[in-house]
Structure formats: C-alpha cells, structure tokens
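Take this structure first; my questions come after.
Per-chain residue numbering starts at 1, and chain names A, B and C are given in the order in which the chains are listed.
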Amino acid sequence: MNHLPQAWGRPRDDIYGAYNHAHLAPSHPTTHTQSPIVTGTSVIALKFRGGVVIAADNLASYGSLALHRREAAEKFNDKAVLGFGGDVSDMQYLDRYLNALAIRENYSSGSGAGEKASSTSTDASEEERAESLDNEGAGTGMAANNLHKYLQKLLYRRRSDFNPLWNHILIAGLSSPPPNAPDASPQPFLKSVDLLGTAFGAPSLATGFGAHLAQPILRRVVPDEEAVKKIDEATAVEAIRECMKVLWYRDARSLDRYSLAVVTKEGVRLSEDERVEGQSWEFAEGIRGYGTQVV
Amino acid sequence: MTSIGTGYDLSNSVFSPDGRNFQVEYAMKAVENGGTAIGIRCKDGVVLALEKLVTSKLLKPGANKRISTVDRNMGVVSAGLTPDGRHFVSRARDEAAQWRSLYKAPIPTAALANRMGSYVQAYTLYSSVRPFGVTAIIGGWDSEVEVPVDGQVGAGPAVGAGGKKEGEKHGGPYLYMIEPSGLYWGYYGAATGKGRQAAKSELEKLDLAAGNLTLEEGVKEAARIIYVAHEDSKDKEFELEMTWVSSLSGPTKGRHEEVPQKLREEAERLAKKSLEGDDDEDDKPEGEKMEE
Amino acid sequence: MAAIFTGAPPNSGPGYSFTQTPAPTSASEPRQHAFYPYTDNGGSTLGISSSTFTILAGDTRSTSGYNINTRYAPKLFHIDSADPSSRLVLSVVGFAADGEALAERLDTVVKMYRYQHGKTISVGAAAQRLSHVLYGKRFFPYYVHAILGGLDEEGKGALYSYDPVGSYEREQCRAAGAAASLIMPFLDNQVNYKNQYMAGSGVGHELQQRDPRPLERKEVEELVRDAFTSAVERHIEVGDGLQMMVITKEGVEEVYRELKKD
C-alpha cells in the first residue's frame, strides 16, 4: 500500500497500464430526435352542428415502405378524440402518457360516477368492453379544449428542450363552457397542435398531405363558423369520406383503410375499420407520364 | 401489557426475547380504534364498505371520501390512521402506474397486494421509521378479456398476443387485506377496525366460499354488517361509505366506483330494518338523520 | 440573430420570411433533416398611439409556407383581462407558438404584480418587465416582434415596440411582421407626416415639415383599415380578418372586420 488513497484498491498502473478513461465520458453531445422514423400520414377533421368528425388512415410508413397498420385515432374520453399524424412511436408514447393522465384525473371524479356508468348499456361487444377498460368515462372533467391546451404546452415544452414529439395532432370534441357561462351547452371543438407547439383552430383542419388535398374541399363545405351551424352530421361525414378517397387516390403514403370518429353530446363513435368505398380509377386512364405527355 | 418498561417496545426493528415486535403490535392497536372497514368478494364483483365515524358536525356530509380508487379497477379502504391510509393509497397508485408503463396493462390485484405487502413490511425493519397504522383492504376486478396492445387496430391479431389458452377463464374478483406487519392474505370476506369481531362473525355466516352471493346482495349485506358492527359504539354518529367493482358486463363495467346513491339508500334502509327486528319501519326519520 | 443556430436556414428557399429547415444546396448531397425549433406563421400587426387612446391591430391569418392554417388566429392579447382596470394589450407576430407563450408569460407577470402590490401595473413598468422577459431568453429567443399598447399615468396613449431579444422603445406608431415594410412607410407619412411639407415654405433646405398632431380615433381606425386592405393586396401571408383593440380610459374595446380571403 502507498500513501495515495485514490490508488488503493485499483489495478496498479505499473502492472496493468494507465486506466483509459475515454469511454467514461461520452465523446459526443446528447442527441434527440432529428427526424421521424415510422410515420402516419394525413389527419382530417370537420366541425358540424353539434359535433365534430375526424378521420385518419391506418397506415404506418417507413419512408416509402408501407410498414404495418396503425392506430390513427384515439378516444381520450366521452368528449375528446385525438387524430395523430407523424411519428408513430411518439404517438404511442403520448397514448400511454394520456392514459396515465386519464387515470389520475379519474381518481378525483368520485361522486356521481356510479350513476353515470350504471346507466350505460351493458350489452356491448367483447372488444367494446375491453376498450371500456381503457379511457371511457375517464377524466370526465377534462373537455377537448382542456386536453388541447395540455398537449400544446407539452409539445411546446418538448420543442423548447430540443427533444420534440414529432407529431401533428388534431383534437376534436366538445369544449367545456366558459367560466362566465357555466351552464352554456358544449360547443363543437376542433384545434390542432404540431411538434413546435403551434396551435390553431378552424371549422375544418387537415394535417400533412391533407392540408393540400383535403383542406380545399373541406373549406368549400364549411368556409366559416356560420357554415358549421348549417351542416348536419351526415353531410360532414360524407365530406370527410370523400376527402379520404381523394387522399387514397393521390397520396402515395396512404391506405384505403381508415379510422373515423364522430363526437357529439351523445359521446364518441369510433370505428377503426372503415374502407374507401366506390373507387373509380377511370381518371387515371388518360394520364401519361407526368400528365403533360399526350402520346 | 407485560412488555411495558422492558425496553423492547421502544424501537422498531428490535425483537423482544420472546420474538415479538412490539411496535407492530402497537400499530395494530391504532387500527383497532378505527372505524370498521369490510370487503366482500362476491361471484361477480367486490364490495368495499366503511363505517366513517363523524368526528365533527362541521364536516360536510358525504364529503371527504375515504375509499380510494387505484388504477381504474381497484379500490382501497383502510382502518386506522387516516393519513397513513392516504400514503398507502398514494404508493398503491404509483405501483399501479409503474406496472402500466412497463406492461401496458392494469396491475393484477394479487400483484398489487404483493407489492404493497412488501412496502408495508419494509416499515417494520428500520429504526428510523414506524410501521403503518392501518390495515388496508384491497378489492379489485381483474379483466376477463385481453387488453388491446399498443398500435392494435380493431380486434388485433387473431392469434398470439398474450399466449392465452382458448377457453381458459381469466380475471375475476379479488380481495386482499394487508396488516401493519406487512402480512397479507386473500380473503372471501375481510374486516378490520373497531367492529371487526362482529363483522367477521357476520361475514362467516354468508358462506362466501360457495360463491353464490351476487354483487347486489353483497352491497346489502355489506351495509347490514357495517350497521351490526356499529351496534357497540351506538352513541357515535357515522356515515356509510360503499364502493364496488363488477365484471365488464356488470354495472360498473370493470371499474371501481361508488355504489349509486339509490342502491346505497335502499341497502341502508334494509340494514336498519333488520336491526330493528321485523316490528316496524317507522324510525325512518331517525335513519335519515343518521345518514346526514 | 438567426446565426445563433448553426442549422439556420439559407435564404435561397421559397419566398417565406424564413424557411422551415435547411434545404440541400445540390441534389448530390445527402438530405439533412435536422430539427429546427422555429417557423414563421406570417401575418402583420401595427399599433398607433394618440393623446387619449392607443389602437393595436393585427390580421388573423395564420400560415405555414404557402398554406393557410386558419383564417382566425388572433395575434392580439388583452393582458390580465380579469382586472377591470387593465389597459394593456400585447400584439405578437412571427412564430405563433412563441407569441402565445410570451403573452401567457406577460399575463402571469402582470397578475403577480397586481397580487403582490395590490394595484394595476403601469404600462411603463409592464413594458420594462416585458423587455426582461424577452432578454431572459437572449440565447434561445422568442421569435416574435412584440408591440405593447396601453395608457400612461397621464392618460396618454402609450406604445412600445420590441425586437425578439428585448430591445425596446416608446413610439407613436409601429408596424411589425410580414408586411411591416409595406405598412411602416405609410404610417410614417400619415401619422408622423414624414415627407409632408408646408405649402409655400420654400425649396431645398428651406422646406418646413408639416407638424404632426394627435390624431382622432376615427382617423386612426381608418388608417389602420387602409393599411391592412393595402397590405392584403401585396402580401400573400396577410389577410382573412382584421382584429383591432382600442384602448381608452373606458376600457379595451375589440373590433373585428373581414379582410379579403384570397
């Protein structure tokens, strides 16, 4: 033993050579997501009198490779549905995160919860019942506008940390009444938030390719908030289906299977196995090359 | 107690020569003074009930709930020191959340009981802490269907996930009771707190092992048993707090919730009637006052 | 300021104010796809103060490149609107997420001042506080051009304009955002009478500038409307709606008018 305590118990340099510390400190700075990996394409949504309809296709792409089917829309509670575009792993992270949030929200919504659940029908299918173990009736205190604000702050924080969640999310549902009119009936709510935390709302919204292809069609249906009050659920759903067809025709990263959800005061109807119906590829007949070619 | 003055009761983590941990035994004394708490495992769910002693007329009736939800499908009721009970629930929620983030599925009731048992037991080992002054009853319904996996679309893959066998039964009602020592067992019916002796003998009469009692009958029995257990301390006012958790096809759809007001009031009416004997139903006004 | 980030976009992209990500300069290079934490949401704001009031205005279009995100996204925020004596309005233009975050920060700061001091903050104090809030993020700035409007202790209109890192100045009028370069010269001429001379005062150095005078509310509202209808014609990122907030001693009045949606 020598008089250098820091050397006690360590391999002796004269026998084993000096210890190489190089691998202890990382030689490069901490890195975060620089690009999305497995992605989902457009999400589109439309407000109508008394509710919102939202849709997104079920494809997860790996670059130009159609990788697998994905969950595209998620029910948060009876008042809010989320539609995800962008990175699928970040979407699944948010899914777990919001699930934990919904559970925490539900701890405190004690009284009166009993009446609500027992009044709902019990003859649901096996899957529906499995689903009900998840989010249904959870966090009934949190309406779509509350959820949107929460996500906006979350995504803005993550971009400020240079560690973004690579998603563009649409939040559709019903808003909670404003504090100065607590008895007002819930209004249709539709807003989006992206990976930078930018948030905005409109009568119709579309992310990704849908912003180019679907949004112009949707804006003809509901140019402004006044128009929202004039169209009914059936018209809105039909417009969304038409847009999903256009996206299937022209977006190379799309699929003809999609999820569609309608939120009204009756609750959320989410179907994850919709198909693009009535396809006609006749328009493709005359197209040669890039479309300008004639022979 | 003979042990007093011997010095073996002063520190946690010290045994007496005859192999007892007095701090744990004192903790159980604290439990014995608390309002009666019971749990009944019925064939299609679990009922939890609590005799919540009203310590002040200035407390709002029906507020300050003492039975808590953990995850979505489990409830915890405890007798003893209320703040210790709250900490117990807080830890149970953390355990359930941690399980979910690892496995993306709700924690089975048995696993939660195991983890909480270990946690409570750890508080009997160190001189720097004291044991929990509560005995907690955990009641839950473990889902009988498979939980969807991440990214699952529709019904998901037809085979594979979870490796469950066709036709095998899964899930069901579970009931556990954890004592200050960390000891826990699974029960058909569990009781703790001041009126536990009376409650236990009532629970034994129900023949719960046969598995015939329905959830609604369980609610009524639970209310009656709390009223029976209260007989010995009749001078004190109390509120009856009841929660339940049923199967996915039952009234709570697999979630732990408060028993609906109408059903609870009906159960209380029947409980009071059975205590009165069959002579009259006339003391309703008094009952109403008690309930407030 | 953009040079703070090594991933700063080159100026060769399409005609946005600044592009989303660095684009490859030639096809042979591998495509770099780094995360860039800013974007430009377009739009324009302006503020004019006079002897008894201040008017702030902004269009309500929000853009991403050539896309219109929405036709109604307010750029004006009434600060601490819960306080009936609040006369503060903040306008932000640039990166909308930063703008909203800044407005919420200032709202909190102003509320905290009221709770701690038991009185409403003066516009001068709020203005300096806002400067500190911006400078506090000097090395990761709020990518916005902010204008703060209110009434000073004498009841006169007060207007402060800021750069993204907190440099600020009290002014009579200021235009900011995408069409700032279109609107500002117009305001110079119409509010401060720049390049307007007294008839018959002489030639060359003899020319006397026309003296600016406090403008009437009606005049200012007309100026604002003219400024925006003109900007809409010449800038693609401006349009859809005009949100105006008129700050007087009576309170903060909000006015909304349509703009062209093309």
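One rule holds for everything that comes next: a contact is a pair of C-beta atoms (placed from the backbone, for glycine too) under 8 Å apart; a residue touches a chain by one contact, two chains touch by 3 or more.
Protein identities per chain, from UniProt: A = Proteasome subunit beta type-7; B = Proteasome subunit alpha type; C = Proteasome subunit beta type-6.
As the structure is a computational prediction, the values presented were derived from the model and not from experiment.
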Most centrally placed chain, judged by C-alpha centres: A
Chain separated most widely from subunit C, comparing mean CA positions: B
Gap in Å, rounded to a whole number, between the CA centres of subunit C and subunit B: 60
Centroid distance [mean C-alpha coordinates] between subunit C and subunit A, Å: 32
Where subunit A and subunit B are represented by their mean Cα positions, the distance between them in whole Å: 38
Residue numbers of subunit B (touch at least two other chains): none
List of subunit A residues in touch with subunit B within their complex: 58, 60, 68-71, 88, 92, 95-96, 99-100, 103-104, 106-107, 110-115, 117-118, 120, 122, 126-127, 129-134, 136-138, 259, 272-273
Subunit C residues touching subunit A - in the complex, by the definition given at the top: 33-35, 37-39, 41, 62, 64, 67, 69-73, 95-97, 100-101, 140
Residues of subunit B that touch subunit A when the two form their complex: 62, 65, 68-69, 71-73, 93, 96-97, 100-101, 104, 106, 143, 145-148, 150-155, 248-255, 257-261
Complex interface listing, subunit A residues touching subunit C: 32-35, 152, 156, 159-160, 162, 164, 192, 196-202, 205, 211-212, 215, 224
